[in-house]
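Step one of this worksheet: look at the structure below.
Note that the chains are named A, B, C and D in the order they appear, and that numbering of residues resets to 1 at the start of each chain.
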Amino acid sequence: MVKVPYRVIYGDTDCGGVVYYAHYLRLFEIGRTELLRQNGLTYRQIEREKGLILPVVESYVRYRSPARYDDVLEIEAKIVALHRFKVRFDYVIYREEKPIVYGFTVHAPINKEGRLVKFPDDVYHHLEGLLVSSDFENQ
Amino acid sequence: MVKVPYRVIYGDTDCGGVVYYAHYLRLFEIGRTELLRQNGLTYRQIEREKGLILPVVESYVRYRSPARYDDVLEIEAKIVALHRFKVRFDYVIYREEKPIVYGFTVHAPINKEGRLVKFPDDVYHHLEGLLVSSDFENQ
Amino acid sequence: MVKVPYRVIYGDTDCGGVVYYAHYLRLFEIGRTELLRQNGLTYRQIEREKGLILPVVESYVRYRSPARYDDVLEIEAKIVALHRFKVRFDYVIYREEKPIVYGFTVHAPINKEGRLVKFPDDVYHHLEGLLVSSDFENQ
Amino acid sequence: MVKVPYRVIYGDTDCGGVVYYAHYLRLFEIGRTELLRQNGLTYRQIEREKGLILPVVESYVRYRSPARYDDVLEIEAKIVALHRFKVRFDYVIYREEKPIVYGFTVHAPINKEGRLVKFPDDVYHHLEGLLVSSDFENQ
(Lines give C-alpha, C1' and ligand atoms only; values in the text may rest on other atoms or scores of the structure.)
Protein backbone atom coordinates (compact mmCIF):
# COMPACT_ATOMS: atom_id res chain seq x y z
CA MET A 1 0.00 0.00 0.00
CA VAL A 2 1.15 3.52 -0.70
CA LYS A 3 -0.14 7.02 0.03
CA VAL A 4 0.82 9.81 -2.35
CA PRO A 5 0.03 13.49 -1.70
CA TYR A 6 -1.57 15.53 -4.47
CA ARG A 7 -2.63 19.16 -4.56
CA VAL A 8 -5.60 20.05 -6.80
CA ILE A 9 -4.95 22.67 -9.50
CA TYR A 10 -7.38 24.76 -11.56
CA GLY A 11 -6.75 22.39 -14.45
CA ASP A 12 -8.28 19.51 -12.46
CA THR A 13 -11.54 21.29 -11.69
CA ASP A 14 -14.64 22.11 -13.72
CA CYS A 15 -17.21 24.89 -13.70
CA GLY A 16 -19.19 23.05 -11.01
CA GLY A 17 -16.38 24.20 -8.68
CA VAL A 18 -15.11 20.66 -8.05
CA VAL A 19 -12.62 18.19 -9.53
CA TYR A 20 -13.91 16.93 -12.91
CA TYR A 21 -15.02 13.32 -12.58
CA ALA A 22 -12.59 11.94 -15.17
CA HIS A 23 -9.55 13.40 -13.42
CA TYR A 24 -9.73 10.98 -10.51
CA LEU A 25 -8.52 8.35 -12.99
CA ARG A 26 -5.36 10.43 -13.39
CA LEU A 27 -4.95 10.33 -9.62
CA PHE A 28 -5.45 6.57 -9.66
CA GLU A 29 -2.66 6.31 -12.23
CA ILE A 30 -0.35 8.33 -9.98
CA GLY A 31 -1.24 6.01 -7.10
CA ARG A 32 -0.59 2.70 -8.83
CA THR A 33 2.60 3.99 -10.45
CA GLU A 34 4.04 5.02 -7.10
CA LEU A 35 2.92 1.76 -5.48
CA LEU A 36 4.94 -0.18 -8.06
CA ARG A 37 7.92 2.17 -7.87
CA GLN A 38 8.16 2.11 -4.10
CA ASN A 39 8.15 -1.64 -4.18
CA GLY A 40 11.07 -1.90 -6.52
CA LEU A 41 9.56 -2.75 -9.91
CA THR A 42 8.39 0.30 -11.83
CA TYR A 43 5.76 0.27 -14.53
CA ARG A 44 8.46 1.43 -16.94
CA GLN A 45 10.57 -1.61 -16.05
CA ILE A 46 7.58 -3.90 -16.59
CA GLU A 47 7.25 -2.40 -20.06
CA ARG A 48 10.90 -2.33 -21.00
CA GLU A 49 12.48 -5.23 -19.20
CA LYS A 50 9.55 -7.61 -19.12
CA GLY A 51 8.09 -6.62 -22.48
CA LEU A 52 4.58 -6.29 -21.06
CA ILE A 53 2.05 -3.53 -21.00
CA LEU A 54 -0.85 -3.50 -18.57
CA PRO A 55 -3.81 -1.81 -20.24
CA VAL A 56 -6.85 -1.04 -18.16
CA VAL A 57 -9.77 -3.35 -18.91
CA GLU A 58 -12.16 -1.97 -16.27
CA SER A 59 -12.38 1.11 -14.11
CA TYR A 60 -14.85 2.11 -11.43
CA VAL A 61 -15.16 5.25 -9.32
CA ARG A 62 -17.51 6.05 -6.44
CA TYR A 63 -17.65 9.79 -5.75
CA ARG A 64 -18.69 10.45 -2.16
CA SER A 65 -17.58 13.99 -1.58
CA PRO A 66 -16.08 16.44 -4.06
CA ALA A 67 -12.47 17.65 -4.01
CA ARG A 68 -11.92 21.34 -4.67
CA TYR A 69 -9.22 23.72 -5.87
CA ASP A 70 -6.08 23.75 -3.72
CA ASP A 71 -7.22 20.78 -1.62
CA VAL A 72 -4.38 18.56 -0.53
CA LEU A 73 -5.43 14.98 -1.21
CA GLU A 74 -3.84 11.66 -0.39
CA ILE A 75 -4.01 8.89 -2.97
CA GLU A 76 -3.98 5.38 -1.51
CA ALA A 77 -3.35 2.49 -3.89
CA LYS A 78 -3.05 -1.21 -3.27
CA ILE A 79 -3.21 -4.51 -5.14
CA VAL A 80 -6.22 -6.49 -3.98
CA ALA A 81 -6.56 -9.29 -6.52
CA LEU A 82 -4.09 -11.12 -8.71
CA HIS A 83 -4.67 -13.80 -11.31
CA ARG A 84 -2.50 -15.19 -14.08
CA PHE A 85 -4.26 -12.91 -16.58
CA LYS A 86 -5.20 -9.89 -14.53
CA VAL A 87 -4.48 -7.68 -11.56
CA ARG A 88 -6.80 -5.38 -9.64
CA PHE A 89 -5.82 -2.18 -7.87
CA ASP A 90 -8.06 -0.45 -5.32
CA TYR A 91 -7.84 3.25 -4.57
CA VAL A 92 -9.05 5.59 -1.88
CA ILE A 93 -8.66 9.36 -2.14
CA TYR A 94 -8.51 11.08 1.24
CA ARG A 95 -8.85 14.72 2.23
CA GLU A 96 -7.86 15.48 5.79
CA GLU A 97 -7.93 11.77 6.66
CA LYS A 98 -11.49 11.44 5.37
CA PRO A 99 -12.11 9.14 2.38
CA ILE A 100 -13.88 11.08 -0.37
CA VAL A 101 -13.48 8.84 -3.43
CA TYR A 102 -13.12 5.07 -3.89
CA GLY A 103 -12.35 3.14 -7.00
CA PHE A 104 -10.65 0.27 -8.69
CA THR A 105 -8.98 -0.61 -11.98
CA VAL A 106 -8.38 -4.01 -13.53
CA HIS A 107 -5.42 -4.53 -15.85
CA ALA A 108 -4.50 -7.40 -18.17
CA PRO A 109 -0.94 -8.23 -19.25
CA ILE A 110 -0.37 -7.84 -22.99
CA ASN A 111 2.85 -8.61 -24.85
CA LYS A 112 4.55 -6.49 -27.51
CA GLU A 113 2.45 -8.17 -30.20
CA GLY A 114 -0.73 -7.08 -28.45
CA ARG A 115 -1.60 -10.59 -27.23
CA LEU A 116 -3.02 -11.34 -23.80
CA VAL A 117 -0.41 -13.36 -21.92
CA LYS A 118 0.09 -14.80 -18.44
CA PHE A 119 2.16 -12.76 -16.04
CA PRO A 120 5.72 -14.16 -16.13
CA ASP A 121 6.57 -15.92 -12.85
CA ASP A 122 8.89 -13.24 -11.56
CA VAL A 123 6.40 -10.42 -12.16
CA TYR A 124 3.58 -12.50 -10.71
CA HIS A 125 5.50 -13.25 -7.52
CA HIS A 126 6.57 -9.67 -7.18
CA LEU A 127 2.97 -8.44 -7.44
CA GLU A 128 1.84 -11.23 -5.12
CA GLY A 129 4.11 -9.76 -2.47
CA LEU A 130 2.06 -6.55 -2.63
CA LEU A 131 -1.31 -8.25 -2.39
CA VAL A 132 -3.55 -7.10 0.47
CA SER A 133 -7.22 -7.59 1.09
CA SER A 134 -9.79 -5.18 -0.29
CA ASP A 135 -12.06 -3.36 2.11
CA PHE A 136 -13.93 -1.90 -0.79
CA GLU A 137 -16.96 -4.18 -0.80
CA ASN A 138 -17.91 -3.19 2.71
CA GLN A 139 -17.81 0.53 2.25
CA MET B 1 -31.05 7.10 -27.23
CA VAL B 2 -28.61 9.19 -29.17
CA LYS B 3 -25.47 8.57 -31.23
CA VAL B 4 -22.89 11.33 -31.46
CA PRO B 5 -19.84 11.17 -33.75
CA TYR B 6 -16.42 11.98 -32.31
CA ARG B 7 -13.00 12.02 -33.95
CA VAL B 8 -10.01 11.17 -31.73
CA ILE B 9 -7.27 13.82 -31.50
CA TYR B 10 -3.66 13.55 -30.30
CA GLY B 11 -4.76 15.19 -27.06
CA ASP B 12 -7.01 12.19 -26.30
CA THR B 13 -4.26 9.60 -26.69
CA ASP B 14 -1.33 8.50 -24.54
CA CYS B 15 2.12 7.10 -25.21
CA GLY B 16 0.65 3.61 -25.37
CA GLY B 17 -0.70 4.73 -28.75
CA VAL B 18 -4.34 4.56 -27.68
CA VAL B 19 -6.97 6.81 -26.08
CA TYR B 20 -6.08 7.45 -22.40
CA TYR B 21 -8.49 5.58 -20.16
CA ALA B 22 -9.81 8.68 -18.38
CA HIS B 23 -10.83 10.37 -21.61
CA TYR B 24 -13.72 8.01 -22.28
CA LEU B 25 -15.46 9.78 -19.41
CA ARG B 26 -15.25 12.97 -21.47
CA LEU B 27 -16.93 11.10 -24.33
CA PHE B 28 -19.62 9.88 -21.94
CA GLU B 29 -20.26 13.48 -20.95
CA ILE B 30 -20.65 14.46 -24.60
CA GLY B 31 -23.09 11.58 -25.05
CA ARG B 32 -25.37 12.33 -22.11
CA THR B 33 -25.35 16.07 -22.85
CA GLU B 34 -26.48 15.50 -26.43
CA LEU B 35 -29.08 12.95 -25.32
CA LEU B 36 -30.65 15.57 -23.07
CA ARG B 37 -30.37 18.35 -25.65
CA GLN B 38 -31.92 16.35 -28.47
CA ASN B 39 -34.85 15.55 -26.25
CA GLY B 40 -35.63 19.13 -25.46
CA LEU B 41 -34.31 19.71 -21.95
CA THR B 42 -30.62 20.58 -21.85
CA TYR B 43 -28.33 20.07 -18.90
CA ARG B 44 -27.88 23.83 -18.79
CA GLN B 45 -31.64 24.29 -18.48
CA ILE B 46 -31.77 21.73 -15.66
CA GLU B 47 -29.14 23.80 -13.87
CA ARG B 48 -30.55 27.23 -14.57
CA GLU B 49 -34.29 26.78 -14.81
CA LYS B 50 -34.74 23.88 -12.42
CA GLY B 51 -32.01 24.89 -9.97
CA LEU B 52 -30.53 21.39 -9.92
CA ILE B 53 -27.11 20.01 -10.61
CA LEU B 54 -26.54 16.34 -11.35
CA PRO B 55 -23.13 15.35 -9.97
CA VAL B 56 -21.78 11.94 -10.84
CA VAL B 57 -21.86 9.55 -7.88
CA GLU B 58 -20.57 6.48 -9.71
CA SER B 59 -18.82 5.77 -12.99
CA TYR B 60 -17.80 2.51 -14.61
CA VAL B 61 -15.95 1.76 -17.84
CA ARG B 62 -15.21 -1.56 -19.54
CA TYR B 63 -12.46 -1.22 -22.15
CA ARG B 64 -12.75 -3.96 -24.77
CA SER B 65 -10.74 -2.62 -27.63
CA PRO B 66 -8.64 0.55 -27.78
CA ALA B 67 -9.50 3.62 -29.85
CA ARG B 68 -6.62 5.28 -31.69
CA TYR B 69 -5.65 8.62 -33.18
CA ASP B 70 -7.99 9.85 -35.94
CA ASP B 71 -10.53 7.08 -35.34
CA VAL B 72 -14.09 8.19 -35.89
CA LEU B 73 -16.13 6.94 -32.95
CA GLU B 74 -19.83 6.96 -32.22
CA ILE B 75 -20.97 7.68 -28.68
CA GLU B 76 -24.28 6.07 -27.75
CA ALA B 77 -25.98 7.28 -24.59
CA LYS B 78 -29.27 6.31 -23.02
CA ILE B 79 -31.11 6.50 -19.70
CA VAL B 80 -31.59 3.01 -18.30
CA ALA B 81 -32.69 3.58 -14.70
CA LEU B 82 -34.54 6.38 -12.97
CA HIS B 83 -35.42 6.80 -9.31
CA ARG B 84 -36.56 9.79 -7.31
CA PHE B 85 -32.97 10.36 -6.14
CA LYS B 86 -30.89 9.12 -9.01
CA VAL B 87 -30.60 8.49 -12.70
CA ARG B 88 -28.34 6.09 -14.59
CA PHE B 89 -26.96 6.56 -18.08
CA ASP B 90 -25.42 3.73 -20.11
CA TYR B 91 -22.90 4.32 -22.85
CA VAL B 92 -21.46 2.36 -25.73
CA ILE B 93 -18.59 3.66 -27.85
CA TYR B 94 -18.56 2.23 -31.37
CA ARG B 95 -15.91 2.23 -34.05
CA GLU B 96 -17.11 1.11 -37.47
CA GLU B 97 -20.30 -0.26 -35.94
CA LYS B 98 -18.33 -2.42 -33.49
CA PRO B 99 -18.72 -1.70 -29.76
CA ILE B 100 -15.32 -1.08 -28.21
CA VAL B 101 -16.14 0.49 -24.83
CA TYR B 102 -19.12 0.19 -22.46
CA GLY B 103 -19.87 2.15 -19.36
CA PHE B 104 -22.35 3.81 -17.10
CA THR B 105 -22.65 6.80 -14.81
CA VAL B 106 -25.06 7.38 -11.94
CA HIS B 107 -26.07 10.94 -11.04
CA ALA B 108 -27.93 12.33 -8.03
CA PRO B 109 -29.97 15.56 -8.08
CA ILE B 110 -28.58 18.26 -5.78
CA ASN B 111 -30.11 21.68 -5.17
CA LYS B 112 -28.31 25.03 -5.06
CA GLU B 113 -27.61 24.56 -1.37
CA GLY B 114 -25.81 21.30 -2.10
CA ARG B 115 -28.58 19.10 -0.65
CA LEU B 116 -29.72 15.85 -2.19
CA VAL B 117 -33.29 16.36 -3.38
CA LYS B 118 -35.95 14.42 -5.28
CA PHE B 119 -36.25 15.13 -8.97
CA PRO B 120 -39.09 17.66 -9.41
CA ASP B 121 -42.09 16.04 -11.10
CA ASP B 122 -41.62 17.74 -14.45
CA VAL B 123 -37.95 16.78 -14.72
CA TYR B 124 -38.73 13.25 -13.54
CA HIS B 125 -41.43 12.76 -16.14
CA HIS B 126 -39.26 14.21 -18.86
CA LEU B 127 -36.41 11.81 -18.04
CA GLU B 128 -38.91 8.95 -17.73
CA GLY B 129 -39.86 9.54 -21.33
CA LEU B 130 -36.25 8.76 -22.30
CA LEU B 131 -36.00 5.57 -20.28
CA VAL B 132 -35.03 2.44 -22.18
CA SER B 133 -33.83 -0.93 -20.99
CA SER B 134 -30.17 -1.60 -20.41
CA ASP B 135 -28.48 -4.35 -22.36
CA PHE B 136 -25.35 -3.81 -20.37
CA GLU B 137 -25.64 -6.68 -17.92
CA ASN B 138 -25.67 -9.23 -20.69
CA GLN B 139 -22.66 -8.00 -22.54
CA MET C 1 -8.96 28.18 -44.16
CA VAL C 2 -11.45 26.09 -42.27
CA LYS C 3 -14.08 26.69 -39.58
CA VAL C 4 -14.96 23.81 -37.26
CA PRO C 5 -17.82 23.96 -34.72
CA TYR C 6 -17.12 22.88 -31.14
CA ARG C 7 -19.43 22.77 -28.12
CA VAL C 8 -17.81 23.32 -24.70
CA ILE C 9 -18.28 20.51 -22.15
CA TYR C 10 -17.82 20.51 -18.36
CA GLY C 11 -14.51 18.73 -18.92
CA ASP C 12 -13.16 21.78 -20.76
CA THR C 13 -13.94 24.25 -17.99
CA ASP C 14 -12.36 25.04 -14.63
CA CYS C 15 -13.64 26.29 -11.30
CA GLY C 16 -13.32 29.88 -12.52
CA GLY C 17 -16.42 29.06 -14.59
CA VAL C 18 -14.62 29.33 -17.94
CA VAL C 19 -12.64 27.14 -20.33
CA TYR C 20 -9.27 26.20 -18.78
CA TYR C 21 -6.49 28.07 -20.57
CA ALA C 22 -4.65 24.92 -21.71
CA HIS C 23 -7.69 23.50 -23.46
CA TYR C 24 -7.64 26.04 -26.27
CA LEU C 25 -4.57 24.20 -27.52
CA ARG C 26 -6.80 21.14 -27.92
CA LEU C 27 -9.16 23.27 -30.01
CA PHE C 28 -6.23 24.48 -32.10
CA GLU C 29 -5.32 20.85 -32.76
CA ILE C 30 -8.87 20.13 -33.92
CA GLY C 31 -8.67 23.15 -36.22
CA ARG C 32 -5.37 22.33 -37.92
CA THR C 33 -6.29 18.66 -38.28
CA GLU C 34 -9.52 19.52 -40.06
CA LEU C 35 -7.79 22.12 -42.22
CA LEU C 36 -5.41 19.45 -43.49
CA ARG C 37 -8.15 16.84 -43.90
CA GLN C 38 -10.48 19.08 -45.83
CA ASN C 39 -7.68 19.91 -48.21
CA GLY C 40 -6.94 16.33 -49.05
CA LEU C 41 -3.80 15.44 -47.10
CA THR C 42 -4.50 14.38 -43.53
CA TYR C 43 -2.04 14.60 -40.68
CA ARG C 44 -2.23 10.81 -40.44
CA GLN C 45 -1.18 10.51 -44.09
CA ILE C 46 1.73 12.89 -43.51
CA GLU C 47 2.84 10.56 -40.71
CA ARG C 48 2.26 7.28 -42.45
CA GLU C 49 2.81 7.93 -46.12
CA LYS C 50 5.38 10.67 -45.91
CA GLY C 51 7.17 9.38 -42.81
CA LEU C 52 7.10 12.79 -41.14
CA ILE C 53 5.82 14.03 -37.84
CA LEU C 54 5.18 17.71 -37.19
CA PRO C 55 5.88 18.42 -33.53
CA VAL C 56 4.97 21.81 -32.15
CA VAL C 57 7.99 24.00 -31.50
CA GLU C 58 6.10 27.12 -30.38
CA SER C 59 2.59 27.96 -29.29
CA TYR C 60 0.97 31.24 -28.40
CA VAL C 61 -2.52 32.11 -27.18
CA ARG C 62 -4.14 35.49 -26.58
CA TYR C 63 -7.27 35.16 -24.43
CA ARG C 64 -9.63 38.09 -25.05
CA SER C 65 -12.90 36.82 -23.72
CA PRO C 66 -13.65 33.57 -21.90
CA ALA C 67 -15.66 30.69 -23.36
CA ARG C 68 -18.14 29.01 -21.01
CA TYR C 69 -19.97 25.72 -20.57
CA ASP C 70 -22.26 24.80 -23.48
CA ASP C 71 -21.02 27.65 -25.67
CA VAL C 72 -20.89 26.78 -29.33
CA LEU C 73 -17.55 27.93 -30.67
CA GLU C 74 -16.09 28.05 -34.14
CA ILE C 75 -12.43 27.17 -34.61
CA GLU C 76 -10.77 28.88 -37.56
CA ALA C 77 -7.39 27.57 -38.67
CA LYS C 78 -5.14 28.58 -41.52
CA ILE C 79 -1.54 28.27 -42.67
CA VAL C 80 0.12 31.69 -42.63
CA ALA C 81 3.82 30.94 -43.04
CA LEU C 82 5.75 28.15 -44.70
CA HIS C 83 9.47 27.53 -44.86
CA ARG C 84 11.50 24.48 -45.76
CA PHE C 85 11.90 23.65 -42.08
CA LYS C 86 8.73 24.95 -40.50
CA VAL C 87 5.10 25.82 -40.92
CA ARG C 88 2.92 28.22 -38.94
CA PHE C 89 -0.80 27.90 -38.31
CA ASP C 90 -2.93 30.79 -37.03
CA TYR C 91 -6.17 30.24 -35.13
CA VAL C 92 -9.16 32.31 -34.16
CA ILE C 93 -11.88 31.01 -31.85
CA TYR C 94 -15.24 32.65 -32.42
CA ARG C 95 -18.41 32.70 -30.37
CA GLU C 96 -21.45 34.08 -32.14
CA GLU C 97 -19.23 35.53 -34.88
CA LYS C 98 -17.12 37.41 -32.32
CA PRO C 99 -13.42 36.48 -32.00
CA ILE C 100 -12.63 35.58 -28.41
CA VAL C 101 -9.24 33.83 -28.65
CA TYR C 102 -6.32 34.13 -31.08
CA GLY C 103 -3.23 32.03 -31.33
CA PHE C 104 -0.61 30.35 -33.41
CA THR C 105 1.51 27.23 -33.45
CA VAL C 106 4.78 26.58 -35.28
CA HIS C 107 5.68 23.04 -36.33
CA ALA C 108 8.91 21.53 -37.64
CA PRO C 109 9.10 18.42 -39.84
CA ILE C 110 10.92 15.52 -38.19
CA ASN C 111 11.64 12.16 -39.79
CA LYS C 112 11.21 8.72 -38.24
CA GLU C 113 14.70 8.91 -36.77
CA GLY C 114 13.80 12.11 -34.95
CA ARG C 115 15.89 14.33 -37.23
CA LEU C 116 14.79 17.75 -38.44
CA VAL C 117 14.32 17.51 -42.22
CA LYS C 118 13.12 19.70 -45.07
CA PHE C 119 9.52 19.25 -46.15
CA PRO C 120 9.54 16.91 -49.16
CA ASP C 121 8.57 18.79 -52.34
CA ASP C 122 5.11 17.28 -52.64
CA VAL C 123 4.16 18.08 -49.03
CA TYR C 124 5.65 21.55 -49.32
CA HIS C 125 3.68 22.36 -52.47
CA HIS C 126 0.52 20.98 -50.98
CA LEU C 127 0.87 23.17 -47.89
CA GLU C 128 1.85 26.13 -50.07
CA GLY C 129 -1.54 25.83 -51.73
CA LEU C 130 -3.17 26.48 -48.35
CA LEU C 131 -1.05 29.50 -47.52
CA VAL C 132 -2.96 32.70 -46.73
CA SER C 133 -1.86 35.91 -45.12
CA SER C 134 -2.00 36.37 -41.37
CA ASP C 135 -4.10 39.18 -39.95
CA PHE C 136 -2.81 38.32 -36.53
CA GLU C 137 -0.22 41.07 -36.14
CA ASN C 138 -2.81 43.78 -36.57
CA GLN C 139 -5.30 42.53 -34.05
CA MET D 1 11.85 31.86 -7.92
CA VAL D 2 10.74 28.34 -7.18
CA LYS D 3 11.51 24.87 -8.52
CA VAL D 4 8.85 22.19 -8.23
CA PRO D 5 9.44 18.52 -9.11
CA TYR D 6 6.93 16.75 -11.37
CA ARG D 7 6.87 13.21 -12.65
CA VAL D 8 5.23 12.61 -16.06
CA ILE D 9 2.32 10.15 -16.12
CA TYR D 10 0.68 8.34 -19.06
CA GLY D 11 -2.15 10.85 -18.84
CA ASP D 12 0.26 13.67 -19.75
CA THR D 13 1.56 12.01 -22.91
CA ASP D 14 0.17 11.48 -26.40
CA CYS D 15 0.56 8.85 -29.08
CA GLY D 16 3.66 10.62 -30.36
CA GLY D 17 5.32 9.18 -27.24
CA VAL D 18 5.87 12.58 -25.62
CA VAL D 19 4.06 15.01 -23.34
CA TYR D 20 1.08 16.56 -25.18
CA TYR D 21 1.83 20.19 -25.98
CA ALA D 22 -1.13 21.60 -24.01
CA HIS D 23 -0.10 19.89 -20.80
CA TYR D 24 2.91 22.11 -20.24
CA LEU D 25 0.40 24.83 -19.38
CA ARG D 26 -0.75 22.62 -16.50
CA LEU D 27 2.87 22.45 -15.34
CA PHE D 28 3.13 26.22 -15.59
CA GLU D 29 0.05 26.50 -13.35
CA ILE D 30 1.70 24.22 -10.79
CA GLY D 31 4.82 26.38 -10.93
CA ARG D 32 3.18 29.77 -10.43
CA THR D 33 0.87 28.42 -7.71
CA GLU D 34 3.81 27.10 -5.71
CA LEU D 35 5.80 30.30 -6.28
CA LEU D 36 2.99 32.29 -4.68
CA ARG D 37 2.44 29.78 -1.89
CA GLN D 38 6.08 29.57 -0.91
CA ASN D 39 6.22 33.32 -0.67
CA GLY D 40 3.34 33.57 1.73
CA LEU D 41 0.38 34.74 -0.35
CA THR D 42 -1.42 31.89 -2.08
CA TYR D 43 -3.55 32.24 -5.17
CA ARG D 44 -6.50 31.12 -3.09
CA GLN D 45 -5.89 33.97 -0.65
CA ILE D 46 -5.70 36.43 -3.52
CA GLU D 47 -9.10 35.19 -4.63
CA ARG D 48 -10.75 34.99 -1.24
CA GLU D 49 -9.14 37.68 0.86
CA LYS D 50 -8.34 40.20 -1.83
CA GLY D 51 -11.40 39.55 -4.00
CA LEU D 52 -9.30 39.28 -7.17
CA ILE D 53 -8.92 36.65 -9.82
CA LEU D 54 -5.96 36.61 -12.19
CA PRO D 55 -7.10 35.19 -15.54
CA VAL D 56 -4.49 34.45 -18.16
CA VAL D 57 -4.51 36.95 -21.00
CA GLU D 58 -1.54 35.52 -22.92
CA SER D 59 0.45 32.31 -22.90
CA TYR D 60 3.52 31.27 -24.86
CA VAL D 61 5.47 28.04 -24.95
CA ARG D 62 8.72 27.17 -26.73
CA TYR D 63 9.22 23.40 -26.97
CA ARG D 64 12.92 22.57 -27.33
CA SER D 65 13.06 18.94 -26.36
CA PRO D 66 10.19 16.58 -25.53
CA ALA D 67 9.46 15.19 -22.06
CA ARG D 68 8.50 11.52 -21.90
CA TYR D 69 6.66 9.08 -19.65
CA ASP D 70 8.14 8.74 -16.16
CA ASP D 71 10.58 11.63 -16.65
CA VAL D 72 11.19 13.63 -13.52
CA LEU D 73 10.93 17.29 -14.45
CA GLU D 74 11.59 20.47 -12.53
CA ILE D 75 9.25 23.41 -13.02
CA GLU D 76 10.86 26.79 -12.47
CA ALA D 77 8.57 29.79 -12.14
CA LYS D 78 9.30 33.42 -11.48
CA ILE D 79 7.71 36.85 -11.80
CA VAL D 80 9.55 38.91 -14.40
CA ALA D 81 7.29 41.89 -15.04
CA LEU D 82 4.74 43.72 -12.94
CA HIS D 83 2.48 46.59 -13.83
CA ARG D 84 -0.60 48.04 -12.15
CA PHE D 85 -2.81 46.04 -14.54
CA LYS D 86 -0.80 42.94 -15.25
CA VAL D 87 1.84 40.51 -14.11
CA ARG D 88 4.06 38.19 -16.14
CA PHE D 89 5.43 34.85 -15.04
CA ASP D 90 8.28 33.07 -16.84
CA TYR D 91 8.76 29.33 -16.73
CA VAL D 92 11.51 26.88 -17.52
CA ILE D 93 10.98 23.12 -17.45
CA TYR D 94 14.16 21.17 -16.73
CA ARG D 95 15.00 17.51 -17.10
CA GLU D 96 18.25 16.45 -15.48
CA GLU D 97 19.30 20.09 -15.12
CA LYS D 98 18.79 20.69 -18.84
CA PRO D 99 16.10 23.22 -19.90
CA ILE D 100 13.68 21.57 -22.31
CA VAL D 101 10.72 23.98 -22.38
CA TYR D 102 10.40 27.76 -21.86
CA GLY D 103 7.29 29.83 -21.59
CA PHE D 104 5.45 32.73 -20.08
CA THR D 105 1.96 33.72 -19.05
CA VAL D 106 0.51 37.19 -18.55
CA HIS D 107 -2.33 37.70 -16.07
CA ALA D 108 -4.63 40.66 -15.44
CA PRO D 109 -6.36 41.37 -12.11
CA ILE D 110 -10.13 41.21 -12.31
CA ASN D 111 -12.56 41.94 -9.46
CA LYS D 112 -15.62 39.92 -8.47
CA GLU D 113 -17.74 41.89 -10.92
CA GLY D 114 -15.44 40.85 -13.77
CA ARG D 115 -13.89 44.32 -14.15
CA LEU D 116 -10.20 44.90 -14.83
CA VAL D 117 -8.78 46.65 -11.77
CA LYS D 118 -5.39 47.83 -10.51
CA PHE D 119 -3.58 45.52 -8.14
CA PRO D 120 -4.31 46.73 -4.60
CA ASP D 121 -1.19 48.23 -3.00
CA ASP D 122 -0.53 45.34 -0.64
CA VAL D 123 -0.77 42.70 -3.37
CA TYR D 124 1.33 44.83 -5.71
CA HIS D 125 4.09 45.27 -3.16
CA HIS D 126 4.03 41.61 -2.28
CA LEU D 127 4.44 40.59 -5.95
CA GLU D 128 7.08 43.29 -6.40
CA GLY D 129 9.14 41.52 -3.76
CA LEU D 130 9.20 38.44 -6.01
CA LEU D 131 10.21 40.29 -9.16
CA VAL D 132 13.40 39.07 -10.84
CA SER D 133 14.78 39.73 -14.28
CA SER D 134 13.82 37.56 -17.24
CA ASP D 135 16.52 35.71 -19.10
CA PHE D 136 13.97 34.55 -21.58
CA GLU D 137 14.72 36.96 -24.42
CA ASN D 138 18.28 35.77 -24.69
CA GLN D 139 17.56 32.09 -24.88
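Following the convention adopted for this analysis, a residue touches a chain if its C-beta (ideal position, glycine included) is under 8 Å from a C-beta of that chain, and two chains touch if they have at least 3 such contacts.
Source: prediction; values computed, not measured.
Chain pairs A-C and A-B differ in how many C-beta pairs they share in contact, with the greater number at A-B. Ranked by separation of Cα centres from chain D, the top chain is B. Chain A and chain D, compared by their mean Cα positions, are separated by 29 Å. Between chain A and chain B, the centres computed from C-alpha atoms are 23 Å apart. Centroids built from CA atoms put chain C at 34 Å from chain A.
Among the residues of chain C, those touching two or more other chains are numbered 10-11, 16, 18, 22, 25-26, 29, 69.
Within the complex formed with chain C, the chain B residues making contact are 7, 9-11, 25-26, 29-30, 33, 42-44, 69-70. By the touch criterion given at the top, residues 16, 18, 21-23, 25-26, 29, 53, 55-64, 66, 105 of chain C touch chain D in their complex. On chain B, the positions that touch chain D within their shared complex are 10-11, 13-18, 20, 22, 68-69.
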